[in-house]
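Some structures are shown below for you to check.
Okay, so subunit A shows up in both of these, paired with subunit B first and subunit C after.
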Partner chain A sequence: MENHKIVGKGVVRSDYLAKVTGEAQFTADIKLPGMLVGKVLRSPHAHARILNIDGSRALRVPGVKAVINGFDGFGIKWGVFRYTQDHAMVPTDKVRYVGEDVAAVAAVDEETALEALDLIHVEYEPLPAVFDPVAAMAPGAPQIHDGYPGNINVHVHIDVGDVEAAFREAYIVRKDTFKAAGEAYAMMEPYAVVAHYSNGFLDLWMPNAGPHVRAKALANLLKMPLNKVRVRHIYSGGAFGGRSEVSPGDFVTALLSIKSGRPVKLVLSREENAISTRQTHDMIAAIKTGVKRDGTVLAKEFEVIYDGGAYSSTGPIAASIPYYVYEEAYRFPNVKYDGYRVYTNKGIRGMYGCHGRAFLAGNEVQLDMIAQDLGIDPVDIRMKNGLTVGEKTATKSWITSGNLAEPIGKAAEKAGWREKRGKLPRNKGIGMGCVAMMTGFPMGFRSGSSCSVKLNDDGHVTVITGIVDNGQGNESMAVQIASEVLGVPLGDINLINADTEITNLDPGAYSQAATYVGGNAVKRACDDARRQILSIASEKLQEPVESLDLRDRMVVSLQDTGKKMPISWIAREAFFRAKPITGVGSYIPKIDFDREWVSKPFGQMAGTYSFGASVAEVEVDGETGKVTMPRFVTAHDCGKAINPMAVEGQMEGSVQQAGVATLTEENLWNEGFLLNPDLLEYKVPLACDMPEIETVIVESHDPEGPFGAKEGGLTVRMNAHSAVACAVSDAVGVPFSELPLTPDRVLTMLEREKEGGTK
Partner chain B sequence: MILPGFAYARPKTVRTAIALHNGSQGQAVYLAGGTDLVPRLKYRLVNPTVVIDLKGIQTLTSIIPGRRFLKIGANVTLHDLKNHPAVRENYPALYQSLDATSCETLQMRGTIAGNVLQNTRCLFYNKPDEWRKAKGYCLKMGGPACNAVKGAKMCFANYAGDNAPALITLNAEVKLSGIDGERQMPLEAIFSGKSDLPYTIKPGEILTHILIPGGKTKGDYLKLRVRGSIDYPLVGAAVSLVNERGRVAVGAVGSKPLCFDFDASEAGWVDRIAREVSDAVRPVANTVLSPAYRKKMAGTLVKRIARKLAEENR
Partner chain C sequence: MKKMTVNFMVNGESVSVEVKPYETLLETLREQLHLTGAKEACGTGACGSCTVILNSIPVRSCLVLTPEVDGMEVTTIEGLKVDGKLHPLQETFMEKGAIQCGFCTSGMILTAKALLDRQKKPSKEQIIRTVSSNTCRCTGYKKIIEAVTAASRKTERE
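So, the complex of A and B:
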């Protein structure tokens, strides 16, 4: 099983050379003949009725080629689900947040476009707005959409066992409430779109986490057939969940190109990217836990309020995921979960790689408090309650490989947990966060991926797959799998991917599907091609197929090393036989497709689960509340590391984006205005803020995953915040109540501790 | 985000620069390193017709140790100044404030005069034009009232330079050159005390030199910020001490560095000066951390430096 030629080796990723030399083309780099510059007019109001939009003066500016607004569309609203179709992309009824796209121009240059924007006259009737989800749920609050009483966009209700009875039986019951501010995705590439409409065909380029999903949404919005809306391959400067769904900029740029008949490029500023693409959810999580005397969790009861912003976006998923990644890690015999996603007059909110820190860190800190009351080590209480292969989650999903205990044990050992926890001096702390991630979840028929492979007459290989890469290394992963199966070097493989008119359906870099689902399809297609190659070779070499292997561009006999033949010869022979070597392969994860986020939250959620545990060590400045983090250890069961270097990279990036960000990152608001849309006042951790990181890769060899692989890194993105919050709470001696742990909040914790804490 | 259109000039002498400014009907701005000005231009916080680049003036690029003063040319970069032996040896507060300014790459670009003369900052003001238009222009943009302190008829933007507080504790003076000739005055005198128009400098006047009195000092600079680099101070505290005479300057809370003098021979001076500072500063909610916390930290940072100096003196 472990006898791999290249899988499992830390090879240089296939995209690195282009990126480090600057050859890689991103959307903003695209230059097409006659291309225009697009600019968007945005709403100055958080909530207002649109009475009139007059773009006629803008259209008269020399050099302006198109002016559009929502009325140029078909009035179709988009939503991930049929029941969440509330987003027109460019509204015609009313604006619902400051910065919402209202109109746009395409002009020969940016100066002209800006001049024209100033001449578009929009008449508004301002409406009362609401910015706080709790206030939005209160009677009498302004209603942001019709048909959603209390502005409740989504209510996810899960009820397993008998929570009340279990609490009565419990030795300790604890209830706490935790809050966290929303974060910015802060991808280094601000959003950009190029649209080129010509001869009835629309070509599009934009950073995206799923070209097929994007093309479908735009085809619907523009009432065009899917094969005339082509989302093409382009390098992406980061997604982190924020580029999974169609964005208003896609629709705007497409309309501008359709109207002007010329290619149009829209490049958002950093500030527009933060205000008008997607944001993450602010959150309030009330958590009640009951345990037995020995630390066994008997029951969990949750009420979580998600500040959903102006539209549904990924609503039902966003209102569920924090809970699921927790129930996938731990055994809950009785559980009740109520997740309310509430509309507010703020920007569109989507899924985030670190989604749910108030909930996840809150649960973990509360578990620490319970463990302390019981005199149990936090590591032991986690191990005791962690799920393992063969068990089912509370909502009836089988765990098919791995367990929580192994990464916990390995992280604790590497971090020197037993020597440190409870033994550190004042203001030093150590904390652990755990989670398990679903890998490939229900997206209907889009949950699966297909791949085709052709062997060229020189023996080189072309792999065609819908897999998309947002920087994680997905492309390189596909190339590495093909190289392993077909016995040709990485450099002999050309990958054609993420181009909707060439590649078949793929879930995208979403739900941790790229390796597990897309990689599986690549492996199957390559296996198919391999069978065809070996079949011809068997004839030619007079050897049974079973004793042949592909390596170093050759078919070789395992019995007689003298017997071999270049793969290119086989390719040519196949052409003679009018049966060129063309492999196809598909994979769809074994999930319960009747499962539904709101109406039926039971059944197999995902193909598999990856487990992880992170340990943070912190020091708190007792006078200022400033936290520093000298060390961070993280252990992650990724099933099998196809490329360990890439997995480590993902783990380290996750420590920054989730872990260190727990000390610094938050969107700040003032009545619907984002106060820190720039990267100066939005505090993405810097190199100097990073801890010493140690990564431990755990391999549980998933029976379904390609070469046993699951996903690489997201588990750390979803538990690093918990590790940091637990460590700071340990250092100070009282549990945190609000994230991020900026020095002012930590100083408040220190003051609370002085008034009656424990350390 | 593109720059607005403007004419660009790069004179070789102070005199030509002043003449160019004088001929611009008040529509010119001076450019040095550009680390403060260029983002302001992009955000349309300033809309000049002419940008006069001072970097071509060679006479302003040197550091000259003299008998009474260390004379620093306006164009000296923060990085060069930080690495000058006289700064390292004599002015620890200044060395630390230079080192704490943004990050090394920007220290190599930014000049000392440009850094001292940076405009005041506010979360509600340093924003793109569309953002501010949507919010309604604040007082500093000519609007009717402050947006940070709703309805207030005064501006609370913070002077967020790291180095002016340190220089003030060192009793630095500045040399200005304008249409009416040259003048020299204490650095703190260039601050008007008004956040919306923070300087007393006359239109077209150029800060040509900074003069720091010679001789060794003790001191330090501490900066409150969320991250370990790049960030502007949320509070910046400088303390310098010669013999027993000391001076504190606190920046980033209000329109100008606030100064406090103390006598380090008096008993209990450490607590007293820290309390005095904390009582005196009046931060408002216009940065990423709360005003109450920043008020507390002003005292805490000063106390921290004072404690260290008291121990060194013992």
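So, the complex of A and C:
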């Protein structure tokens, strides 16, 4: 099935025209008749009891239509899991971070809303706060939630084999500790919500990575049935993992609209976006590794502490993912992992596309140090320990396609690794990072996706799917798959998606599921419609179904090129038969659904795995500690590139967001205050900061994925930081200990090297 | 507060608006003239998502007050098509895949347009330096640089 008409081609994406003309509508662009402006009053305290909230003066300001606080809700707390339901969205007991939503106003214009905010009186009793996860775990630390001793939100414990025996048997055992600051998602679009409550229905627009997951959370919080909470399609200005879950702003705006009876728009400022929407986790990773004389990894032992901020969020998932993407890449028969996600009085945290850099880069640089002691090249030790199809991960998940060695080999070759590693002049370095990504992981019955497709009487096609696009090209991917199967041009296909009223469940742009799961459902629905078309055509053309194909809007005979018929004729014939062409298709990945992040971390984790390897080249200024990165090569096994241009785009963006970020990006804190919440202080890499990027697409043709596809580039987001950290460590001659590698930290490394190193 | 009347040209049409003295051009374009292609991403002039062309100069419309543009000519992304035909930059941004979420795209294209308007065939270094005034979080910039380069070749041929 390699003879594709349009799959595998770098076509112009279906969303592009709207985006180059300015017609693409984002949430802040929405205008509805009678729409009010929403504004939120935020906590000035990191930790304080709420004694009283008085909004009566605010309500008397002319033009103010609603004032809400947490008491307007139903006292329900949201959590992704039953055991993590700790987030009321707007609290009534106490505030737990600076910037937390406390009350809100809807008014006829911004000035009025701001004036009213000033008149809301909140009485607080400040409480002792804790900002560091290690301090939060210590005896006597302020307790942020009831029922979580030591502020431990989640403890993930994995124990496979016999780690102690393996360490005794090992030729080398090495233990290191690595730290990394959290980064900002810094999506270009600040968070915004429009809510319109009317006639018992709540319509919502917001940038989101999973409309169904969002609707479910809000239906619970607002005690409404799911079919009356309608999350609508809207263009989204980036997500990167930060817009997967319900946000306090959703709840606030919904309450304001319900109370005022009018549509309400809340648009956060850049600063509010940074302090009151989700942030990423700071972390500390202690890593112990034992290897045989030949470099075979025998055992791994980890203790990882995640700064979880004020609430659970995706707690157990966040406390597991860095480990899993490592386990999915490398073979180790004995492992003990303890991941602690710890509450602190800092902002809410979520998953990030680059989540886990201390852990992943730490593992990779430690492997380099071990390789050096054994006299093995870092590429060879990675090849030797990399997993391949047919093997199982440590927690018993089959690898069903691909292997780590191929992307390693391709990236190394393209980068000229053998000519460079160990041969570069002083202060120049080259490093490699590897991971494998789970594609479609357990989200219960929400792990699957459904699609329906109808053939209109002019032969044009309408595809209806829950797939959501945050900029990565998921919509175009669905259109391209439909075009391939149904033999109509891309422009003949109208996609209706990411609307919870019309579409069935879909996992969202989460767990790398869009292509593998959502795309699979689209393909199956189109296959179904295709069968119906061909069945009628077979009758009409007197040809067996097997010798017919759909192309260029026609049914054509493969035997007799003269025999053909427009697809639109078939559509009309089907209407005469009272059986309009309507295809349906669903897909749920083959996962062990008994698997649970905390209680049973064993069994099939994902439908498949993508493998990737990245190579960074750096130069360190020995005087200033500043690092420059002239070149970056990355290879990613996406199974099959539906649109290679889109896959390259994802890979290149990852070099920026994970790779260059490893040199520059971190959220800076003074206790509970974020010091760099805007784009002047938080430096998102610019064009002039970028290396020359070369991407290599590896295609291992997954047996389950649509046309063999897996996911479009997340390995780069999870291994680019490792490549850069290993390259800088190579250039300086000692392993890094803390990320990002800002000049001050690199100077510390240079000092350590001068003092004889700590290798 | 007393409003001010401001007259200026937007995408070739003359407009007259009543604005607060402190109203930004970005707010006027988006709220009064329904031109929402210019986006507010930072509000502090850091990112360039709100870039429009004022006379021939790319400016951050979040930092320009509307009363300042009286008598001037503003070009927004909505004004780039000529006779229904896309500008070469719009075409090459699509062809080269220089877009992901699209939130920065309008500003990026207008920044690049101002460069190509004053310099037919910029060097790669000039292109990199110019687009470095705008922030994109998704693309890694490689395809943006390729798109601007391709557009400069297209405009050169025309």
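The definition used in the following text is that the second predicted complex is superposed on the first by the 757 of 759 C-alpha atoms of A that agree within 3 Å, B and C clash if a C-alpha of one lies under 4 Å from a C-alpha of the other, contacts with A are read in each partner's own complex, and residues count from 1 in each chain.
Keep this in mind: a contact is a pair of C-beta atoms (placed from the backbone, for glycine too) under 8 Å apart; a residue touches a chain by one contact, two chains touch by 3 or more.
Predicted model, so just to flag it, every value in this text is computed and none were measured.
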Quick check on the superposition: with subunit A as the shared anchor, is it clash or fit for subunit B versus subunit C? fit
Pick one for A:13: touches subunit B only (first), subunit C only (second), both, or neither. second
Which partner, subunit B or subunit C, is in contact with more residues of subunit A? C
So, does A:213 touch the first partner subunit B, the second partner subunit C, both, or neither? neither
Answer with first, second, both or neither: which of subunit B and subunit C does A:369 touch in the superposed model? neither
With both complexes superposed on chain A, which partner does A:269 reach: first (subunit B), second (subunit C), both or neither? both
I'd like to know which partner A:746 touches here: subunit B for first, subunit C for second, both or neither. neither
Which superposed partner A:348 touches (first subunit B, second subunit C, both, neither): neither
Using the touch definition from the top, say if A:473 reaches subunit B (first), subunit C (second), both or neither. second
Given the touch rule stated above, what does A:411 touch, subunit B (first), subunit C (second), both, or neither? neither
Which partner chains sit in contact with A:623 here, subunit B, subunit C, both or neither? Use first/second/both/neither. first
Considering the aligned complexes, could you tell me the closest Cα pair distance between subunit B and subunit C in angstrom? 5
Subunit A residues where the subunit B and subunit C footprints coincide 269-270, 680, 686, 688-689
So, in the complex, the side of subunit C touching subunit A is made of residues 30, 34-44, 46-47, 49, 76-78, 80-81, 86, 90, 93-97, 99-106, 109, 128-129, 131-132, 134-145
Report the residues of subunit B in contact with subunit A in the complex, numbered from low to high. 1-2, 5, 123-124, 126-128, 130-131, 133-135, 147, 224, 226-232, 288-290, 292-293, 296-297, 300-301, 304
What residues of subunit A sit close enough to touch subunit C in their complex? 10, 12-13, 15-26, 28-29, 31, 186-190, 235-238, 240, 267, 269-270, 470-473, 645-646, 648-657, 678-680, 684, 686-690, 693
Report the residues of subunit A in contact with subunit B in the complex, numbered from low to high. 42-45, 98-99, 110-111, 114, 269-271, 275, 623-624, 664, 668, 670, 673, 675-677, 680-681, 683, 685-686, 688-689, 742-744, 747
